[in-house]
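Each of the next two complexes has chain A plus one other chain: chain B in the first, chain C in the second.
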Partner chain A sequence: MLRLLVRRVAVAAPVLFGVTVLVFLILHLIPGDPAQILLFGSRPTPEQIDQLRVQLGLDQPLPLQYLNYLGRLLHGDLGTSFITGRPIAEEIAARFPDTLQLTLAAMFVAVLIGVPVGIVGGVRPGSWADRLSGGFSILGVAVPYFWFALILVLVFAVNLHVLPSLGEGSPQAIVLPALSLGWGLSAIIARLLRNNLVEIYRQPYMQVAKAKGLSESMVLYRHALKNALIPVVTILGLQFGNVLSGAVVVEVIFGRPGIGSYLVQAIQAKDIPAVQSVVLFIAVIYIVINFLVDFAYGFLDPRIRLAWTASR
Partner chain B sequence: MRGVSFALEQGETLAIVGESGCGKSASALSLTRLLPPTARVSGSIRFLGEDVLGMTDQELREIRGRQIAMVFQDPMSSLNPVRTIGVQMEEMLRVHLNMSRRQARARSVELLASVGIPSPARQMTVYPHQLSGGMRQRVMIAMALSCEPKVVVADEPTTALDVSIQAQILELLRRITEVSKTSLLMVSHDLSVVAGLADRIAVMYAGEIVESGPTTRVFDHPRHPYTLGLLACIPRLDGPRTETLRSIEGGLPDPLARKSGCPFAPRCAFVMERCLVDPPALEEKALAQVAACWADLSEVTVAEVAAPVAVSPSAASRANGHVLLSVADLKVHFPIGTAIPFRPRPVLRAVDGVSVDVPRGGTLGIVGESGCGKTTTGRAVLRLVEPTSGQIRFDGHDVAHIGPDELKALRPRMQMVFQDPYSSLNPRLTVADAIGEPLVVHHASQRGALRPRILELLEMVGLPARLASRFPHQLSGGQRQRVGIARALALRPSLIVADEPTSALDVSVRAQILNLMRRLQDEHHLTYVFISHDLSIVRHMSTKVAVMYLGKIVEIADRDTLYSNPQHPYTQALLAVVPVPDPQIERGRRRAPIRGDVPNPANPPRGCRFNTRCPHAFDRCFQEEPELADLGRGHRAACFLAKPEVAKDQLQ
Partner chain C sequence: MSTVATPAPRAAPLGDVARFAAALTSGDRVGAAAVLFIAFVVLVAVLAPVISPYDPVHTTSDTLAAPSLQHPFGTDQFGRDMLSRVIWGARIILLAPVVGISISTVIGVPLGLLAGYSTRWISAAIMRAMDVMLAFPGLLLVLIVVTIIGAGLVNVMIAIGISFVPVFARVVYGSTLAAKGQDYVLAAKAVGCSPLRIIAVHILPNVTTQIIVIASSAIGWAILTATTLNFLGFGVKLPTPDWGADLSAGKDWLSLAWWIATFPGLAITAMILASNYLGDQVASVFDPQSHWRDNATRVGMEEVS
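For the complex of A and B:
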């Protein structure tokens, strides 16, 4: 197990390195002189610009700038916001719990809707329930979540007055954002689970389970579901990053605080260090989640788990 | 299935025998209504007087597993891969017998022990993929027996297993039916397998039972031409070898296109006018023996029918002394696991030092069980896998070391026929394209000459020209294998490596393909390397036979020498476990002579590789690996106990 950990870290490290390079280069890929862009609007004198360049370390050669950047990162220093002057790490730390909450709530909604819909379709393929579940999946993938969010607001907040349209302030405020964000994923889960189940029901061991005299629900829960959920777990992990980035937009739509709205503010205010750090932060989360998914896989599938132990 | 009726008495073993698509599995599944919901079932199924077709789901579940338990064909996929053996064993006991977890566990351990699983308590915690095929099938049987059912239905329980393991499982089933008063319904395509087990046999063809009766009667005096044909077309190890096998001509009928009259009529040797219009019903032909046939077969015997038609000059007699293919110390190793720096990568020694000569015009048979390296040897000879070391000389060329251009130039002369005609033909190429492809690739045919050559090849392998534009899925298994052979022949090769060319085919079609291969060998002076797990087929086809075990040849000799005087205990054991279609012989069998499983080829035992399973192993066998010693007259065996041929001659 430890060995697997080492191996996965060895894979993750170069990815992480690549991400830091890309994020670092954001600053330099923007056309024009960063210092000039930053001071745009205030009619800076050349001295002021030079002073800022020295302050930002922009007068040094690029590789050295990168090394300095990396050094700061390793010390946990994500830089200081141009706008607020506060450390960005603090800004992110203050806002991330909200985003995480929304993301997790959306994933929860996705599982809550996707798994039952998938089961209903997968147990009796070709039935009307299966067709309904298939229709749901197509809708879920086809309808963009930001549009769906607006529809939700229109129906539940504007017309029915049962839920708030603003994404903060009360416990039920998270319902609409989570629903609009999780809905697309629930469609993916439903479709995947349904197809897996159909495939698994064709396996000889399912016939064996039936021949043993197990009830239909036992056949489903004891023999089909675990196998069918393995790929779903992967998808959940892989989609975590997508949901997180979707949260950026949903936060803006519902006026929720979080790194999403922070990122949008930072972009609008040209707060480049903040943009860099948020992007880097999301990338790191992505990598960490993938890492965890691999482990979850082994937990679910003994063939993989035992292969790990065997290779030790 | 059309109007199938049979009865199974308490303690009785009934075997349903037939080829693919004849409805034998459907018969077995319908007993507890396990057929897919799309199946329309009519008629009646009575179990202990109760109507199974009228039962509610709840009532059905109480019968399934509890009263009628099943063992399925493929033990690899019949166990849930993500649940431990223990969980899968226990659940039936808990559901049907209301046992507590503890009781169920204790009982499961007992059951596993009773089917001969070593250290059963430990095996409860493992997952299916950690067990061998034979062990998994034992688990399936233990599971089926767990609630002491009245009936066990076994659907091809040994088909996916090696012969030595098959013998163990058959012995286990026999013991179970003897000890308990369980009724056994056994479904098989292989008459030999059921010969020793069944009290009665029902033979199915095209969805109908065409003959049924007591086992000895059906074997000794079959009254339906199909049964007769099946028995006659099996090459038998216990009888004299014939040059040509009797075969049942034609193929299985398409179940979707039913014609009037007897469904077997188009393939029947005894066909009469009446058969084509009037379907025969089952009628009593002898005491307790019924058959659906208009012809009277009471005077016909299997031996008569199996007798050779015309003895053609055998390939063996023409095999001159010139060696066409010579393999010396061939090794093929595959890396396994992950590479760790500064440590040698673990390797699987699939082929570990094989040396053999094949004379021009002869047939080298390679036999062995799964994992013995026979397929890899065959592929390495053609350089379809890269040999790790060793020499392969083919007609003066050093196949193992030539460059790609030279190899390509040599390819037309060495071809391969694959095991599975279903997956070795590209589904998107027509028959003509598949056969023509090698000709095009090697520019072996003029533009205008391609088509005539394809038609010529089709005729050679006995396929009508109209099949040229068909796709593989439109052909039967036998036809596909003929296409595979035509493709191999297209470039006029001198060597053909045939890897289990008939193991995916039905018994009645198998003989046709074997006969075809023999005829083509004579007509085109071909040299064969014939790879098979089936010793009786290898005996039929080969002039020289090599027995492989865990990557090495353990015994090699001329066919007649090897089969009449096997010296290696593995060869002896293999010969002893091959089932023969004779109830007397099968019932008289002692216990299976090879115990246990084939060891992991990645980690073969020290000393003699066979020492873990050998009944004669002694101290030396565990320390030292025996050489493939020359016993005289070309007979070599890797065993310390092997006796020289010469000494035997002097004795005589």
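For the complex of A and C:
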């Protein structure tokens, strides 16, 4: 158990370190003088540029600058955003709850749609219900979520007037953004669950369960679903980062003030410290969640645990 | 057709190309239809100046006109014909995956070969760098590259290419490691072939299949990402006709003119759908037994990695 934890940390830690290096390098990879890039848009005098250069240590060697950057990160100092003039850490703290809410709502929607659609297809492979379920999965992956968002707005906000299309405040305001963001994932879940169920129904223990005289729903819930849902839980964990980064687009469409729309504004305004911080923030969440999924999976499934022990 | 499907480092003789095209359009009916649809879009893109009924950027006073015989897809807020814009937009939608995936191949394949065949330290350095890139969700990585090199259509294509490099490198790395231990490579080493010759002559041909399969399965993702970036305004600048940018423009006119966003949206969906099937077709032509390429499980990057 402890060895497992240590192994997983040993895999995740260098990646985390590398991510901070890459994010740090964003400023230095942009062609031009970093001090000038940071003062973009403010028409700085040469003195101001020199002052900032000394202030941020931009005149020092790169490795030293990186250590300074890391030191500031560990103190929670992410710099000041010039599009809002506030500390970036405060900006992220104020906006992230909104993004998290949207991401979790989208994953909830994905499960709510994906699981029933997957079951319907998996229980009777080859039936018309299975074909509908398959068609849903294929469309779910092909229809871009930003277009799907517009279709939802057109139908529910513009024509039917049942749901608000913009902003937040009322609890209903999250419905359309969550549907747009969760829809692609629901297709992935439906397909995965369907294929798992088809596979599981072929297993001998399912024959036994049926031979015992269990009702069809009993067989499904007690024996099939329990096993078929494990990979779905994993996919949910692994897709969290993708849903979170998809929130970037959905927040822009629906005018939600989360970290995604903040990132887009920051890129447009060349607010590099803000871009660096939001990107790092999302990447760290992504890594931590992957780590937890990986660890939980190995912890729960002895076969995977043993495979790791054998391979290292 | 095969120009889209084979960004292979090795040029196939003409007979092979014909046989490949025949294989692509045989077998699964839906898959064949997808291949033909992409061929149709290629034709539309090439013939855009001839078949486009109007100038796609010419503004007229006939604004926000609903679809009619004169304007089958309607007109936008500047009176531009949407059908002509969709026709011209096909050029960008085809260019983005071709340029993007070519860049991933040109950078990713040598990195993977080098990591697979060189010393432990070089290999570790390359693959850890790839791990770091894969630690970012795909869209985020593209946005990082756009931040560094700036906005614009060409830069978006470069960003898409770079963001897919680690996937190519990983696949080629794995295949190179597998090939390295084979007897024919050991034999080549024993007769004194240089490492470069072993990589080029003995290993590369054996990883080509995987490269083609990865490349074709990446097309749908590249199209989605390119249109996303254009939708966000980081790619083409209006009035250049592009499906993603037009979709974004149509967003503000939903209540007055549903058609501005709808036709580009349909076109993007059809293109992604067809590309996903094309990926499946290519994979089944090269490896009839592969099961990993399930249409619905290929949305992010990690599924192919």
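FYI, the second predicted complex is superposed on the first by the 279 of 312 C-alpha atoms of A that agree within 3 Å, B and C clash if a C-alpha of one lies under 4 Å from a C-alpha of the other, contacts with A are read in each partner's own complex, and residues count from 1 in each chain.
Definition applied: contacts are C-beta pairs under 8 Å (C-beta built on N, C-alpha and C of every residue); 3 or more make two chains touch, one makes a residue touch a chain.
If you're wondering where the values come from, they're calculated on a predicted model, not measured in any experiment.
In the superposition on chain A, A:Pro204 makes contact with chain B only, not with chain C. By the document's definition of touching, of the two partners only chain C reaches A:Tyr286; chain B does not. Legend: residue contacts after superposition of the two complexes on their common chain; A:Ala190 is shown touching chain C, with no touch to chain B. When the two structures are aligned on the shared chain, A:Ile253 is found in touch with chain C, with no touch to chain B.
By the document's definition of touching, of the two partners only chain B reaches A:Ser215; chain C does not. When the two structures are aligned on the shared chain, A:Asn227 is found in touch with chain B, with no touch to chain C. After superposition on the shared chain, chain A has more residues touched by C, the comparison being chain B against chain C.
Within the complex, the chain A residues that touch chain C are 14-16, 18-19, 21-22, 26, 29-30, 137-144, 146-147, 150-151, 153-154, 158, 184, 187-188, 190-192, 195, 238-239, 241-242, 244-246, 248-249, 252-253, 263-264, 267-268, 272, 275, 279, 282-283, 286-287.
Interface residues of chain A facing chain B in the complex, by the touch rule stated above, are 203-205, 207-216, 218, 222-223, 226-227, 230, 300-303, 306, 311.
For chain B in complex with chain A, the touching residues are 29, 32, 34, 57, 60-66, 69-70, 72-74, 77-84, 87, 91-92, 95-96, 127, 129-130, 140, 143, 337-338.
By the touch rule above, chain C contacts chain A in their complex via residues 128-129, 131-133, 135-140, 143-144, 146-148, 220, 224, 227-228, 231-234, 247-248, 250-251, 254-255, 258, 261, 265, 268-269, 272-273, 276, 294-300, 302.
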